[in-house]
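There are two complexes below, and they share chain A, which is joined by chain B in the first and by chain C in the second.
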Partner chain A sequence: MTSPATAPATDAPRTAAPRADRGSSFRRNAQRTGSRYLWLFILPAAAFYIFVVLIPSFQGVFFSFTNWNGLSADWKFVGLDNFTRLFEDAVSVKAIGNTFLYAILSTVFENVLGLLVALALHSRIKSRNVLRVLFFMPVVLLSVVIAYLWQYLFQVNNGAITQLLHAIGLTDANPNWLGDPNLVVFSISIIVIWQFTGYTMVIYLAGLQGIPPEQLEAAAIDGAGPFTRFWYVVRPLLAPAITVNIMLSLIRGFMIFDQIWVTTGGGPADTSHSLSTLVYRTAFQFGELGRGTAIAVVLALIVGILGFIQYRGLLRGGAR
Partner chain B sequence: MNRYTWRTGTLEGVMIVVALIFMVPVYVLINLSVRRQSDLSSPLAPTAQPTLDNFSNAWAQSGLGQAMANSAIITVVSVGLLVVLGSLSAYGLARATARWSAPAFYLFMIGLLVPFQLGLVPLYRNFAALGLLGTMVPLVIIYVGLRLPFTLFLYTTFLRQIPAEYEEAASLDGAGTFGRFRRVVFPLLRPITGTVIILNGLFVWNDFLTPLLYLSGSPNRTVPIAVYSFVNENTTVWPLVFAALLISVIPVLLAFFVFQKTLIQGFASGIKG
Partner chain C sequence: MQWNRKLAIGGATFAIAGLLLAGCTAPDAENGGGATDDGTFLKIDWLANEKAGIDAVVAAFQEANPDIQVVVTTADTAQYQASIRTQLGTGTAADVFYVWPGDGNTAAIRQLDSGDFLTDLSDESWVGQYPDFIRELVSIDDKAYIMAPLATAFTPVYNQAALDAAGLTPPEAWSDVIPFCEAASKAGKVAYALAGNNLYAGQAPYYNLVADLVYGTDTKFDQQLLDGKTTFTENKGYVEATEKYQEMMDAGCFQPNATGTPYDESNRMLAAGEALGQFLIGTRIAALQAIAPDGDFRIYPFHSDDDEATNAVTLSTQGGAAVYAKTPRQETAKKFVSFLADNIELYQAAMPGTIPTITEGYTPANANEQFLVDTIQQGHAVHFLNQMWPNARIESAMVNGIQGLLVGSASPSDMLASMQKEFDTE
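== the complex of A and B ==
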């Protein structure tokens, strides 16, 4: 698969203009076409971005220190109250733990399964193109549809999943997938994993296609078995795909909303909330905007720190 | 390793079985949507007397037609704006040499790290103060602002790999800055524009949280909200619900099967940056 993102001839031979050669080719390009009016090109985009992202985010941080209910004119600063309550209240403590559980479970399984499928489909098998499409298909479906579908599959009495497990002979129990507080987070994670394994698979396939087959053949001739070949040849070359996939899965996992809201609404007894669903419930259903935004700030910190670690390298490459 | 050996055959067999298990939910979705409501057999058993009545009933009762039109309008306008504003500002950022250009780029990139939930509540209050709740306007504005950092990132990284010679040639022919952009740069950006359209289009079409907040109960609701409220009104009537679910994903599924190669490539390349 040739990537459409690979740009045409980056290093076109430059015969002319050897002077002004300090800095990168990017800088040189910039100087050549530089115009004093380029800032006008950025203005409209900046307006949208400032109005939708920057201003509300600052407002969010501000309100997280208040007791505003979103309606009344009088509100006051409450310091860190919203945050300390967050770590004292059983529901929000559970939601924080759940958020990490959702993120870790989905990241691990999406990536292990996605990589295995990608390795299997990066072979001579004849059905590889059809199978690739099938595994990818859930990615384009509406999350809401997927969530309702799985809500049905997870039904208590003779739900399809339970029947399937009985048929294979894996268990004869009758688990209450979405109604058992000890099980619900795992069940919802299964939905997310089913939905996004195709996503990681596609990125791994693109990564695998970039590995020259000669290297694998050379290793095979040297007597390396499939596992040795994977570990010493494939894995290092796949590192960028692994990084991107893990980052995307983690951020998706930490922000999970749709699948929970549709299947359980955070229940039973508030045991399946993530921070995202808790923000929605606290701010919009209970009208406690101050507390709601405090939860959002905690979520932002988690995702922000994580994203910063991951994006640092990426941005350095992009901004030069 | 270029021959089809018995090991390849075994792998093929295993993968087909895995794919079939993976597809069970989709099978149940289709299987149930053609089932009569009186038919209470197992969801895994093939439906004995299939019917298409559920589809006409679901279509008539769910308002999905209107919702699809709404979703289409919001998606097309948002993605169109993202392509225009994203490519314009990427050009400005990638080709500007002023002191502000690098900090401006980083300021946009912060948006990749800020989760939408942080500004969710205040933004809602701001739109309420402007009297725009229940209309499509906030959604379009939100999608453009929210997806700009990512769009800009894709365009900028792509643009920085295009040598400026092309533009120079155009400026020798007397084209101004905007002329150079429109006639030379934008056409060169076409491959990445495809990726921008695919990734943003799917995001906007599938988004649930924003319209849940802004369009619940409004005639302007989008497909995910129409599905959400239809299912909530008919929870126990699964065949009807499943027909509605299937109808709601048909447009995207059709597009997916027609453009699957481009789509999958768009995903893979957009993410590699």
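== the complex of A and C ==
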């Protein structure tokens, strides 16, 4: 009979043994393959990442609490001044609002239009491959080139869009697309939406191609109409694609720079700035690196938090 | 097994060493390889919109000095101003690089003064040939730092054929300005095209308005502002100039929707005769001539009051060559800068709408250049406004304030208050 006192003693080797076996197996395996030293191979990449990304990032955070001008060795700590100025300055506050507006508008429209286009091009229409290429084409063009192109399209008087309005009978219409403070954010958002709808379309197309046709056929046999099939069959199966697209669109929206800088430079009267253009202007045009990095830190925090929330949503959506 | 371990450690060590060595040697390679001045290499960083000028001088320099390899890199203004500070901060600046005179932007000599980046060129013979006001702008504490080849002005430029067709003459005094705008409007023309979509286009009319009203009567304004004895909001000249700008806008002197008009469109309007004039910096006349090679685009003086005694024109140098104080190629760099000074007309000939800063012995090629030379000789030249402002934010407040006037979101007093706020903020 085994006494209670000795029972754990007899049980212990039973649970510990596999762990010890596993450990020695790993060691043996590592010794046999040399993988104990394989981590050395990631050192160059890690060193590069540390020098190029981590150290500058931490330096940036450090300098966001200083008044450093980027050149002088003479700088001092200013505490939270750079951050408080950001929230006190009317232009910065407007830029924060604009940044969210750019992100929300581009995310909503890129995804709605991208999904609609993907659904249309997932059908058996003859020219679908040509149309896919055409819709994707703006994605491969440089943002700067696209911004210059749209600057011409949006031009007052002789711009193509104004001419189009005249051609359809709106002869008095001459919207100041890029020069009216009430219109400019929407006009710039149109550029971004036009550029990246093709990108979301491609991700949705990939998602649609992964949906088993039998499920759609079964739903159709059960009497489900097109909308019902989309809502109860397609949408749940597209959830990972939707999450990825929303995350990418949001991050792109928050980082918007080229389209604003080329078309308006943040104008008219500082009404179209985003946080990114404000970072550039403050750090490089005004030579206030400390204040510029403070704005960049705030932008990074916003993007980081939203990215984290989206990532959690992605995991919960089953895209592990 | 041992062999694998050695291979792994050795491979990783080589890779890290290679990475670090590549990083360490990169700046030197960028500077052309040699760390000493053997007189065979020179690197120049220049402004893209003066590329034609520097290319002409570099070609002549290389012909005269075939043993010296010259590498020129250009960038547009915003990109250049951002990158030059980074290069100076990291010790990778070119031997000769473009800088701005005075103050007011991040690549102006007074903004770069804190780091001992600029070689003192005071002993060069050409420094004594500058007009006094240019020498002051390119100097700090009587030490000259820039070989600035060009001078140009902010003035109205008119399409002479369009003026003749409309039967109008440009205004010679402020009392003529609003009637001129009204007459242009009656003739179905815009008096002045304005590329208000470009942030900095709106400053051209403003510089013209301020010149007479502030500097025509009170040349000590800049010092008084720095000493705290006046402000933008209190200075009568600035208040009047800003209100007169608003008056011009209200009188329809500029086309509707000016903030949606880029330079391409405003230039087209002027070249096509839809607009009679446009306020420009002289270097932009080349763009007009490019789209209308046969066009007759003439500079006429503009005055913001009716008193001839206060006539002034914002005419200055945009910038020029500085020698990087930390480059080992000091002698080669100075040799090039001297060559630039000696061949200043070569540079100027490639840049229409400008004159050389050293006008001794210079013969103007046309009426526009004659106007610029006369302005200097009569002592009517006033520096560009921002060249005496202590930070770049004031200019930004000015150009955004002007856009605010155009779209109706700001008043003249708002604009001046905004400029003063940026002046007062460290």
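Convention: the second predicted complex is superposed on the first by the 272 of 320 C-alpha atoms of A that agree within 3 Å, B and C clash if a C-alpha of one lies under 4 Å from a C-alpha of the other, contacts with A are read in each partner's own complex, and residues count from 1 in each chain.
By definition in this document, a residue touches a chain if its C-beta (ideal position, glycine included) is under 8 Å from a C-beta of that chain, and two chains touch if they have at least 3 such contacts.
Model, not experiment: these values are computed from the prediction.
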Problem set entry | Touched partner set for A:Arg281, first chain B, second chain C, both or neither | second
Problem set entry | Contacts of A:Pro181 with chain B and chain C, given as first, second, both or neither | second
Exercise. So, does A:Pro44 touch the first partner chain B, the second partner chain C, both, or neither?
Worked result: both
Exercise. Just chain B (first), just chain C (second), both, or neither: which does A:Asp270 touch?
Worked result: second
For this session: Name the contact category of A:Ala173: first (chain B only), second (chain C only), both, or neither.
Result: neither
Exercise. So which one touches more of the residues on chain A, chain B or chain C?
Worked result: B
Exercise. Touching A:Val140, do we find chain B (first), chain C (second), both, or neither?
Worked result: first
Exercise. In the superposed arrangement, does A:Ile221 touch chain B (first), chain C (second), both or neither?
Worked result: neither
For this session: State whether A:Gly304 touches chain B only (first), chain C only (second), both chains, or neither.
Result: first
For this session: Figure out whether A:Gly70 sits in contact with chain B (first) or chain C (second), or with both, or with neither.
Result: both
Exercise. Residue overlap on chain A between the chain B contact set and the chain C contact set?
Worked result: 31-34, 37-38, 40-41, 44, 48, 51, 70, 152, 158, 280, 284
For this session: Give every residue of chain B touching chain A within the complex, in rising order.
Result: 1-4, 8, 11-12, 14-16, 18-19, 22-26, 28-29, 32, 42-44, 81, 85-86, 88-89, 91-98, 100-102, 104-106, 108-109, 111-126, 141-142, 144-146, 148-149, 152-154, 156-158, 160-165, 167-168, 171, 177, 180-181, 188, 191-192, 194-195, 202, 205-206, 208-209, 212-213, 223-224, 227-228, 231, 238, 241-242, 245, 248-249, 252-253, 255-257, 260, 263-273
For this session: Under the touch definition given earlier, write down the residues of chain C that touch chain A in their complex.
Result: 1, 4-5, 8-9, 11-12, 15-16, 18-20, 23, 78, 81-82, 85-86, 88-89, 105-106, 111-112, 114-115, 117, 196-199, 256-262, 264-265, 268, 391-393, 396, 400-401, 403-404, 406-407, 409-410, 426
Seminar exercise, completed: Touching chain C in the complex, chain A uses residues 31-34, 36-38, 40-41, 43-44, 47-48, 51, 67, 69-74, 151-152, 154-158, 174, 176-181, 264-271, 280-281, 284-287
Problem set entry | chain A residues within the chain B interface of the complex | 1, 3-10, 12, 25-35, 37-42, 44-46, 48-49, 51-57, 59-61, 63, 70, 117, 120-121, 123-127, 131-137, 139-146, 148-150, 152-153, 158-160, 163-164, 167, 194, 199, 202-203, 205-206, 213, 216-217, 220, 240-241, 244, 248, 254-255, 257-258, 261-262, 275-276, 279-280, 283-284, 289, 292-293, 296-297, 299-300, 303-304, 307-308, 311, 314-315, 317-320
